[in-house]
Amino acid sequence: MTTVAPAHEILFRVDLSKPWSQQQVLGHNRWHPDIPAAASVSPDTTFRMECKDWTDGQIKNNDSANDVRDVDLTIPHVLSGPIEVNGAEPGDVLVVDILDLGPFPGRDTEWGYTGIFAKTNGGGFLTDRFPDAHKAIWDLKGVYATSRHLPDVRFVGIPHPGLIGTAPSQDLLNKWNQREKDLVNTNPSRIPPLALLPEERNAVMGSLKGGDQQRAAREGARTVPPREHGGNCDIKNLTRGSRAYFPVYVRGAKLSMGDLHFSQGDGEITFCGAIEMAGFIDLHVDLIKGGVSKYKMTNPIFRSSPLEPRYTNFLVFEGISVDEQGKQHYMDAHIAYKNACMNAIEYLQTCGYTAEQAYMILGAAPVEGRVSGIVDIPNACCTVYLPTEIFQRDIEPMRYSVSRQTQVATAR
Amino acid sequence: MTTVAPAHEILFRVDLSKPWSQQQVLGHNRWHPDIPAAASVSPDTTFRMECKDWTDGQIKNNDSANDVRDVDLTIPHVLSGPIEVNGAEPGDVLVVDILDLGPFPGRDTEWGYTGIFAKTNGGGFLTDRFPDAHKAIWDLKGVYATSRHLPDVRFVGIPHPGLIGTAPSQDLLNKWNQREKDLVNTNPSRIPPLALLPEERNAVMGSLKGGDQQRAAREGARTVPPREHGGNCDIKNLTRGSRAYFPVYVRGAKLSMGDLHFSQGDGEITFCGAIEMAGFIDLHVDLIKGGVSKYKMTNPIFRSSPLEPRYTNFLVFEGISVDEQGKQHYMDAHIAYKNACMNAIEYLQTCGYTAEQAYMILGAAPVEGRVSGIVDIPNACCTVYLPTEIFQRDIEPMRYSVSRQTQVATAR
Amino acid sequence: MTTVAPAHEILFRVDLSKPWSQQQVLGHNRWHPDIPAAASVSPDTTFRMECKDWTDGQIKNNDSANDVRDVDLTIPHVLSGPIEVNGAEPGDVLVVDILDLGPFPGRDTEWGYTGIFAKTNGGGFLTDRFPDAHKAIWDLKGVYATSRHLPDVRFVGIPHPGLIGTAPSQDLLNKWNQREKDLVNTNPSRIPPLALLPEERNAVMGSLKGGDQQRAAREGARTVPPREHGGNCDIKNLTRGSRAYFPVYVRGAKLSMGDLHFSQGDGEITFCGAIEMAGFIDLHVDLIKGGVSKYKMTNPIFRSSPLEPRYTNFLVFEGISVDEQGKQHYMDAHIAYKNACMNAIEYLQTCGYTAEQAYMILGAAPVEGRVSGIVDIPNACCTVYLPTEIFQRDIEPMRYSVSRQTQVATAR
Amino acid sequence: MTTVAPAHEILFRVDLSKPWSQQQVLGHNRWHPDIPAAASVSPDTTFRMECKDWTDGQIKNNDSANDVRDVDLTIPHVLSGPIEVNGAEPGDVLVVDILDLGPFPGRDTEWGYTGIFAKTNGGGFLTDRFPDAHKAIWDLKGVYATSRHLPDVRFVGIPHPGLIGTAPSQDLLNKWNQREKDLVNTNPSRIPPLALLPEERNAVMGSLKGGDQQRAAREGARTVPPREHGGNCDIKNLTRGSRAYFPVYVRGAKLSMGDLHFSQGDGEITFCGAIEMAGFIDLHVDLIKGGVSKYKMTNPIFRSSPLEPRYTNFLVFEGISVDEQGKQHYMDAHIAYKNACMNAIEYLQTCGYTAEQAYMILGAAPVEGRVSGIVDIPNACCTVYLPTEIFQRDIEPMRYSVSRQTQVATAR
């Protein structure tokens, strides 16, 4: 039995002191159409959701990265929901306005973390260069983040849900599982793995019980990748003030979310690269009947927000698709972006940061990553845009100098 | 013998009525360290360069795309330069301020073109979906571009040189040629080819003559890809007001440029996706002695400009690294970006544009392409940001509606 | 005895159900150096303050403006504080970072109001044209505001404290009272009055009691005008993310604040023109010893925030200093701004709004008011910048039209 | 007889080597309905106009301000036009797109000047504080301006026509002359004068000759103030990319313009505060028949441009309406803005600039001037927004400091 929500209600509450499997109202950490709704709302409703951080509280506010090294990755992402939207049917579009989100107010909750995950437990974009676990803790002070582990950095984040999406239909779920299994089978022993396949251990499937729970857990899709329904897109610009359009695959749409980020750079390159936090998210939902075919939607669409920090002076690093061994790859944007990031990390080291600090800054600050040229064979050109205003000191290569003269011209 | 340039001089002139090989001062269309400087300047100098469009005038202002279909790709890119900067030595950094650029003023020159190149002659990012040649002509009216081939579109471009860079050293040139040849050898008969190898035919090598010209033409690198020295990066944000830092590989740096764009979307996806034009570019150059090691530079770095159009309301399309056949690829940003572009093209067709029109809009308008998530195995998530303000009518999915009441509250 | 605040503490609490004079910890509603600190903090401290709306809850969330008409103006502004900053001495500069502010979360508190005050009780910028009381109620939904009284308007506000400042010294207070009394004496019977002089009735002077309270109330400056210490500046851009520098006049600086605005247009033209609300404000304070002479400060200085809504398409209305009777005034920016506002109101009436609705939109939305030309004798030129993106429909005079053609150019 | 202009034609040419009265095609320097059109165009036409600087070349590129001191103010503003728009009738609205503007290219023309005018010959906003003549010369390098007289300042300007407007009808002209005469009569001997009345000496009235010329010169309105038709509004944001709507008062509209500015701060406070230059302006004109009543226009309206420099970090100075003698004025935005400017000038002196340099920076740089609070009796609050990015060194009061720690957290 689900509860109907009036306007402005907290529709999903979390208890930060308890693990995900022991919350009073159970959320989930796998995708499956059969997970029952935790609550229901009517279209044109505004409500609040509470979320734990994506790891279910495994990472602590301290100065050791052992928790990052030892994190149990069968638990994430802990997702709040699903929320059933009354009247939603497959083929509709669910319109979701992200009205606000942030950490829970209070001394014990206004902090976040960025982790470099170990190559043997999670990995990351530059895991060959950074195989070990590291962590930075951020203080969240209103709209600003600073870190005792990253000197002279202070910025306004672009808060967003790293993960938000509708439930897949059984057909779509089967398709996901099949294609990801096919990929893993091309190199099953790879570390880190090519994809995470369904894993019954630690699966939380909402209020499902007994055999239903076991069956759903066995086939529930893991939450790491973004997919057709949205999911873990980690798009930093899907921030408060933006409006997302999601395809609906099951009756009621079953919207879930989690993995709240106070800030993130494009790509979230350290894997746990955002400023990860627990907190709240305020949403408004509405429906466009038959919208999927009307707008020819395959993936979610969203409209950007008028409220993003206005950083405008960027130092930009380029990368092309030639790998570290000097081998030429054909139009490989992945390698090009890697090189752009590595170039930025090299540069930041000339400014006094360690490589790990630089890597975390790129992961967590409002950095833009662009596909700049994708047709100039054989080199893709990707670029990383680092806002210089986030540094509390000058990090630019050279200051422009103009010649000086003591006085303006004066009538004599 | 080269000429020393005073401030504000036109350092390189072009005659639009003559082909590249018959200009009074010869530029070049291949990269080679031995191409003599066309002119020289001292550090801290401001000067103007004139450029032909990248194809040497092969594309005309008319309503047929036959010229695009039949373009001779051994001629591009026609490059103005090289400019020798006095005192520049390998290991220095050449600081280049882009002060202004634009089309030549006048009724016959204030236009540009965007081409979809045929799969059999150039190709493009979505060449399998768009195998035939198409063209759109743009009218350039001050800061705005409009096109008689693309109704209801009007925007302020972000003008930039698609191509700018320093001359490679002989060692670097050899490395380029080797790695690209190795790539082509993996599939030599591919159409379009994996890379363009040195091609003597139609090579223009500045003032080199006879045997010197032939030798240089035989080993001169083609100008299509971006490389360590910059080159054809097609980075739209390297616009007027920005400052670029280039590694110097040869005495005098030998800076060359061309491929001026009135505007371009990130990725320049139709291959000839920008608004291509002939025109001028005003530069200021300076040197940082020993800058390459000081700043650990591998590729150029640049600082963004305070002068870009302030489009702020974007409709955003997502793509993930699952291909059209439903096959899962591992973190493939190329496929993810392709899907994001295809999703945008599908959407724009619901707004009344043809697929070709939509493709060209994405190539030419100030569209942003982002690497949003690059760690959520196995799916990269790329996004395309389409500014809605470039359309002269509403293209958004749904307008927000608020309930109406006739009057404000009034004291009675 | 005051309390020392640790980081992140709520330093001043309010009870929305009780009037200002009956709060557990008493704030104030007049300026006086002798009002004891309600709490104290050390430099480099972060803390939260709670505030009631400026009228002490006199205005209700309903559809009658009788409360606006009948408001008791001896009560405002109810101010939270003063906060003593340890070590602050006259001549220092108090550095105040505004980290966040917003309404109290919850269904009963996430709303605000805009009032047109009656000419006989408060008045406003255009009170001759709008002599009667009116009101609009706003729903605050995360970062957005909408109003059931103002159709098709929806915007992201620029939240800010309308009023924040340090306590005056006795000397400065005396100067204020004298100069304002001198002004009132030039036309003592004017309605609305030229200034509000000290008023003992309803004065709340913190924890002062008996004769101390009476004496301070008799000479306490009213809170309406901005003055050298800051005070009721109503500067919308002093928003979260900005940093203010205040002159210190008394030991401990004694910082107070209130009059929280969810949004406001430049000028706050309807007098109660902002979206007024109760709520919280998070601050960080620090000191620059001897900063007043170091920076030659007469009035507060502040640094703008990187976090403001990015509205960029404005419809702009001009006004010059010729009054409604056609009389020419010399460089009168007040009249010029009035005319610019009136021109905007006239225009909005052609879009279907009533004059009162238009007036309130100008008062409450993120509208910019500029002194554009102030030297071209005899006319000042002021301008009002109305962001078109706040309207959910097209309000521009004319759409640009480009000629249509069905197709792009195609190779045949 | 006037010439009909095809698209992209130069409709009005100037010869910089000749004074205004000896140009081949005569423009004007007074407003009068009878001045014949210099050329005519049809609606929906694009064309270029050339303009001299507003003083007709009296100010030179040198290091003496004697020319500013001795300038003949009966000559300005030299205006290019009028342009007749075919079909325009009184009551129509003339739609003018500003497509581009800039200095004439070339070493001798890419410069501009800012002048502090002497109190005895022109004056300015702060003329009591700055009674003597001063001058700064700017080098215009592409989109940037720098000055040998103002060290460490470099910015992208917001180029605009300081003066643009339609011709007044005879009735409107009479009204102007009467109201300005009435004002002057209140203090006829004031220096500087309260307004400039018609002045036959040096009047250039287009192709009018003999008695017609004399009569028109006797009653032609001076060009200094902005008025209902637009005119010398000096609105910096009416820049390239913006669209202005002008009321039409006479057949053919008769549009004229001049006083081109490479950049200007809000208020243009030194009188000749902008970066003044000669140059070109590209326009597109169109008509809205009957638009004046349709849009209830009294003064011009314009739509802002998407192309302005994106300076976003401002240091903000406040001013209130208490004068230097400590006298309280009622809601006087003029005095408040003056104080805000004076506060900024005081501050900039602590950064190493002279008062004159600071004054000129405020006049010429892209500084914003706001009417922040205009209802808080008795003090208006005006603010000056100084973009810190225009300085090539740090001018902020204090850098935020965060505590340092050598390393990120690491797993051990």
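Just so it is clear, A, B, C and D label the chains in written order, and each chain counts residues from 1 on its own.
By our rule, a contact is a pair of C-beta atoms (placed from the backbone, for glycine too) under 8 Å apart; a residue touches a chain by one contact, two chains touch by 3 or more.
The chain lineup, named per UniProt: A, B, C, D = Formamidase.
These figures come from a predicted structure and were not determined experimentally.
S.K.: Decide which interface, B-C or C-D, involves more C-beta pairs in contact, and give its chain pair.
M.R.: Between the two chain pairs, C-D has more contacting C-beta pairs.
S.K.: For chain C, which other chain has the most distant CA centre?
M.R.: B
S.K.: Could you tell me the distance, in whole angstrom, between the mean C-alpha positions of chain A and chain C?
M.R.: Inter-chain centre distance comes to 37 Å.
S.K.: Could you work out how far the Cα centre of chain C sits from that of chain D, in whole Å?
M.R.: Going by mean C-alpha positions, chain C sits 31 Å from chain D.
S.K.: Could you please state the distance in Å, as a whole number, between where the Cα atoms of chain B are centred and where those of chain C are centred?
M.R.: Using C-alpha averages as centres, the distance is 48 Å.
S.K.: On chain C, where are the residues touching two or more other chains?
M.R.: Counting only residues that touch two or more other chains, chain C contributes 306, 310-313, 389, 400.
S.K.: What residues on chain C touch chain B, complex-wise?
M.R.: So the residues of chain C in touch with chain B come to 62-66, 68-70, 116, 118, 132-137, 146-154, 310-313, 354, 356-357, 360, 389, 392-394, 399-405, 407-412.
S.K.: Give the list of chain A residues in touch with chain C in this complex.
M.R.: Within the complex, chain A contacts chain C at residues 7-9, 46, 48, 97-100, 105-107, 110, 141-144, 155-156, 240-241, 282, 284, 305-311, 389.
S.K.: What does chain B use to touch chain A in their complex?
M.R.: Residues 93, 95, 123-125, 175, 179-180, 182-183, 192-196, 224-228, 230, 232-238, 243, 245, 266-271, 273, 288, 291, 294-304, 306, 312-320, 322, 326-334, 337, 339-340, 343, 346-347, 349-350, 368-383, 385, 388, 396-398, 400.
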